[in-house]
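Two complexes follow with chain A in common, the first pairing it with chain B and the second with chain C.
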Partner chain A sequence: MFSFCTDPATLPQWQWFACYLTTGTHFAFYRSFVMVILLLAITAPVALGMGLLGAMAVRSRIWPVSWLGKGYVNIVRGVPDIVFFMFVPIALGQGIEWVFHQINCPDWDQPIRQGNDFIVCREARVPGPNAPAWVRSTYAFSMAVIAYALVFGAFAANTLYGAMQAVPRAQVETAEAYGMTRAQAFRRIIMPQMWIYALPGLSNIWQILIKATPLLFLLGIQDAVYWARELGGQKTSLYTYPHPDWRVWYFLVLLCFYLFLTWGSERVFARLNRRLSRGQATAAGERMRKAAA
Partner chain B sequence: MRSCGESFDAYILRALGRDWGERLLPRGLDITMCDQLVLIGSGLIWTFYFAALAIGIGFFLAVAVAVAKTSETPWVSRPASAFVFVFRGSPLFIQFFFFYSAFVLLPRTGIDIPLGFVTLTVQTSALTTAQVGGLIVLVLNTTAYSAELFAGALRAIPKGDLDAADAYGLSGFTKFRRVVFPSMLRLAWPSYTNEAIFLTHSTTLVFLSAFPAREQAGEAFYYARYFVDQTFNPFVGYPIVAAYFILLTLGIVALFGFANRRLNRHLPRERRPRVRFRPQYIR
Partner chain C sequence: MKKTTLTLAAAMAFMASGAMAQDVVRIGTEGAYPPWNFINDDNEVVGFEIDLGNEICDRAGLTCEWVLNDWDTIIPNLVAGNYDVIMAGMSITEARAEVISFTENYLPSDPSAHMALAGTDESVIEDGIIAVQSNTVQAGIVADSDAAALEFPTPDETISAVRNGEADAVLADKNFLVAYVADSGGELVFIGEDFFPGEGTGAGIRQSDDELRETFTAIIMEMREDGSINELIEQWFGDEMSTF
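And then the complex of A and B:
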């Protein structure tokens, strides 16, 4: 990175560190923090969308839809989700390959499961046998996003369903008295008002989602935990930057990163809560009304 | 191929180590359904060990931290709040890695603490094992989460209870033991049940993170993962471990429900708070 970095062995302390912290692998480490944020930024809206769909399905009057919603919420919530994180990417990957296999190679006569192998024809491999590395890592990453969205969507569905039920009944009855249909009342009355009731639960789920992101490591993705282990481990003098076992410092950085993330989002949610309480028929909203009057 | 009885004999105690059954785990095409059921079940030994000890020790520490956290003295409440913040604000997974890499740095021979007349040697070599080091992390983690629950309950104790205690002339530790502590437990118990469930589920992370499974002796999820890696078939191992955990969860709910009934035995039946199972596993 810097011009003086050609021979690190002779450098004084601070220059050595300046060079050490700007190596290519360290930039991969820094990028993995961006990846955590990216994962959160993609997963949160998707999970919220899944949650909204799930909650609407549970409320539905058509019983197959409502059963589907209830099944989704209860099955995902009833099983430890670490199991889901490991299960969904593999199962989904095999499922996708199986579908492609059925489409592309209809005249394949061997069984797909042979002993301990899962064998599909060459055209059905996803990602393809000679796909570039970035396609493979993007594929692995999107599998992880789907697993996270599935699990957290079920949590969100449960919270949003509770919030929809919590909107005061009188509000909905008033809407009906104005001649609104069920769908109209849902769109105009329940949807705008339910968020204040959903917020404590959603903030809780968000915090759990943040704390679930290091589990990416278990899916074999090169995330912050992976790099902290790689970079922190003892390096002998064969390496350009030899150092003893520094893993504890790297994990301290990770620990602080997550503490900062949860602390920051707690503050954001507190603000959001104040903002959403304005004009609501809740204790907090009433307090704000009295303070203003 | 082994029969079911043979796999039972070979693997039911295998989680305790190599000397407690077959030395090698079943591999490749040799794996039978019974192997998976028995070996994953044997892993539950460690699940029980971690959960029972962490909850048992963490409970008392959590009460102490909760009392400290609600204390009026800032010198007492600040460190307690900081402790709770650090352990609740960061992922347990990272905490395992952090503590493991810190424990590794300790000298293997032990630390000498000179106490003037005698030198105390603290054994540190055990700290890098999951059974001791991992347990410490779990205890600290559950202490923080439960302390938050208990602190909330301490703040929510009805004023009337405290007034009544004062009227009876109770003060100090007697007041705490007879009035504050039982009220706190009663208020916090439903959420504490959930905390116990989360903790039991998060024992799966012990062997998945930094702590090594020596002699391939791990807990249930470790073996489930082993089988999925061996057979490349996620549709057997993971559902088995999920089923075991659901059973375990039901057991905890029953046990804590019994304690809940005992805590509220003075109340009429319909006013007793119910334990509701609200699972959210990751921490």
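And then the complex of A and C:
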């Protein structure tokens, strides 16, 4: 990185650190933080969408839809996250390949499962056999997003379902008295007002989602925790920058990063809460009304 | 549908002309086991196996690509087709050969050794707490002995366990430990005798992938005979490592 980094063994301390902290592996470490934030930024809206669909399905009057919603919410919430993170990418990955295999290679005469091996024809491999590295990492990343969205969507669905039930019955009754259909009342009355009831639950889920991102490592994605472990471990003189076990410092950086993330989101949620309480028939809304008067 | 048929026909023609040679061969490795395979400070995968693998691919006219994978899941991911070859300092054992197939070994049976803090009594090998990396040959050896095994997912953590007193000694490939002993300035020492478990190190390949295994084995045998493997061994391991 710097011109004086050619022979690290001879450098004075501050220069050694300047070089050490700008190695290729350290840049990969820094990038992994961006990736964690990117994952959160993509997963959160997708999970919220899944949650909304799930909650609406549970409320549905059509019983197969309602059963599907209830099944999703209860099964996913009941299985340990870690099992899901391991199961979804493998099952989904092989499922996709199986479907492509059926479509693209109807003439294939060998079994897909040969002993321990899972073998599909060349055209059915996802990502393709010659896919460049970025396609593979995007694919792995998408699998991670799907796994997270499935798990956290189920929790969000339950929270949102509760919030929909919490909107005062009188509001919906008034809407009905105005002649609104069930769908109209849902769209115009329940949807806009339910968020204040959902917010504490959603903020919980968000915080847990932040803390669950180190599980990315399980999915073969090199996240911040992977790099902290890799870089912090003792490096012998086979490496350019040998050092003893520094994991405690690297984990301290992680600790600060995660605390900063959760602290920041706590503030955002407090703001949202004030904003959504305005004009609501809740204790907080009532206090705001009185303060203004 | 027509398009599918066309691609299929094209693929058939491909296979007939040059088998799967056009496909990138993906080689999975751990990247945490110097000097076999590790990530250097420039974030490149390097090591004995990287040089060897690239040379094999060169001679076979294959395009190869390295993939990093956790040691604990390195076999399941091969079987699932995430990569085609494992070159990760993996000893050829019967238990592993039930799940995957191996090429002829590219490293002879190499020494394992116990490493402990200076002054540790040799008797800990018999009845102490021994740190090992999980799913390794050494983990199996300690499990079968009277000593208590303390397993870790990465080799690096086994060393830390000895330093902080969690374990009395670590059992691992001697050539992995050598650098730690040399760098410790007398703090860490080898105890007990070296011994040679296993039947050497080979590349792991899916059992259904006979063609690739034969290609790899042929070139490994060629390199064993012309001495080029020995050169690589000396370059990366020095004199301590067994050669062919």
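One rule holds in what follows: the second predicted complex is superposed on the first by the 293 of 293 C-alpha atoms of A that agree within 3 Å, B and C clash if a C-alpha of one lies under 4 Å from a C-alpha of the other, contacts with A are read in each partner's own complex, and residues count from 1 in each chain.
Everything below uses one rule, namely that a residue touches a chain if its C-beta (ideal position, glycine included) is under 8 Å from a C-beta of that chain, and two chains touch if they have at least 3 such contacts.
Please read these numbers as outputs of a predicted model, since none were measured by experiment.
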{"item": "First, second, both or neither for A:236, with chain B first and chain C second", "value": "second"}
{"item": "Touched partner set for A:3, first chain B, second chain C, both or neither", "value": "neither"}
{"item": "Chain B versus chain C as contact partner of A:130, first or second or both or neither", "value": "second"}
{"item": "First (chain B), second (chain C), both or neither touched by A:263", "value": "first"}
{"item": "Chain B versus chain C as contact partner of A:13, first or second or both or neither", "value": "neither"}
{"item": "Partner chain(s) touched by A:118 [first = chain B, second = chain C, both, neither]", "value": "both"}
{"item": "Contacts of A:245 with chain B and chain C, given as first, second, both or neither", "value": "both"}
{"item": "Which superposed partner A:90 touches (first chain B, second chain C, both, neither)", "value": "both"}
{"item": "Doubly contacted residues of chain A, that is, touched by chain B and again by chain C", "value": "90, 94, 115-118, 229, 245, 247"}
{"item": "Residue ranges of chain B in contact with chain A within the complex", "value": "28-29, 31, 85-86, 88-95, 97-98, 101-102, 104-105, 201, 204-205, 208, 221, 224-225, 228, 230-235, 238, 241-242, 245-246, 279-283"}
{"item": "Of all residues in chain A, those that touch chain C in their complex", "value": "23-25, 27-28, 90, 93-94, 103-105, 107, 114-123, 125, 129-130, 133, 220, 222, 229-230, 233-234, 236-242, 245, 247"}
{"item": "Chain A-touching residues of chain C, taken from the complex the two chains share", "value": "4, 7-8, 11, 15, 20, 22-24, 32, 34-35, 38-44, 65, 68-70, 73, 77, 79-82, 99-100, 154, 156-157, 159-160, 163, 179-180, 182-183, 206-209"}
{"item": "Residue numbers on chain A that touch chain B, as the complex places them", "value": "77-83, 86-87, 90-91, 94, 113, 115-118, 155, 204-205, 208, 210-215, 217-218, 225, 228-229, 232, 245, 247-248, 250-252, 254-255, 258-259, 262-263"}
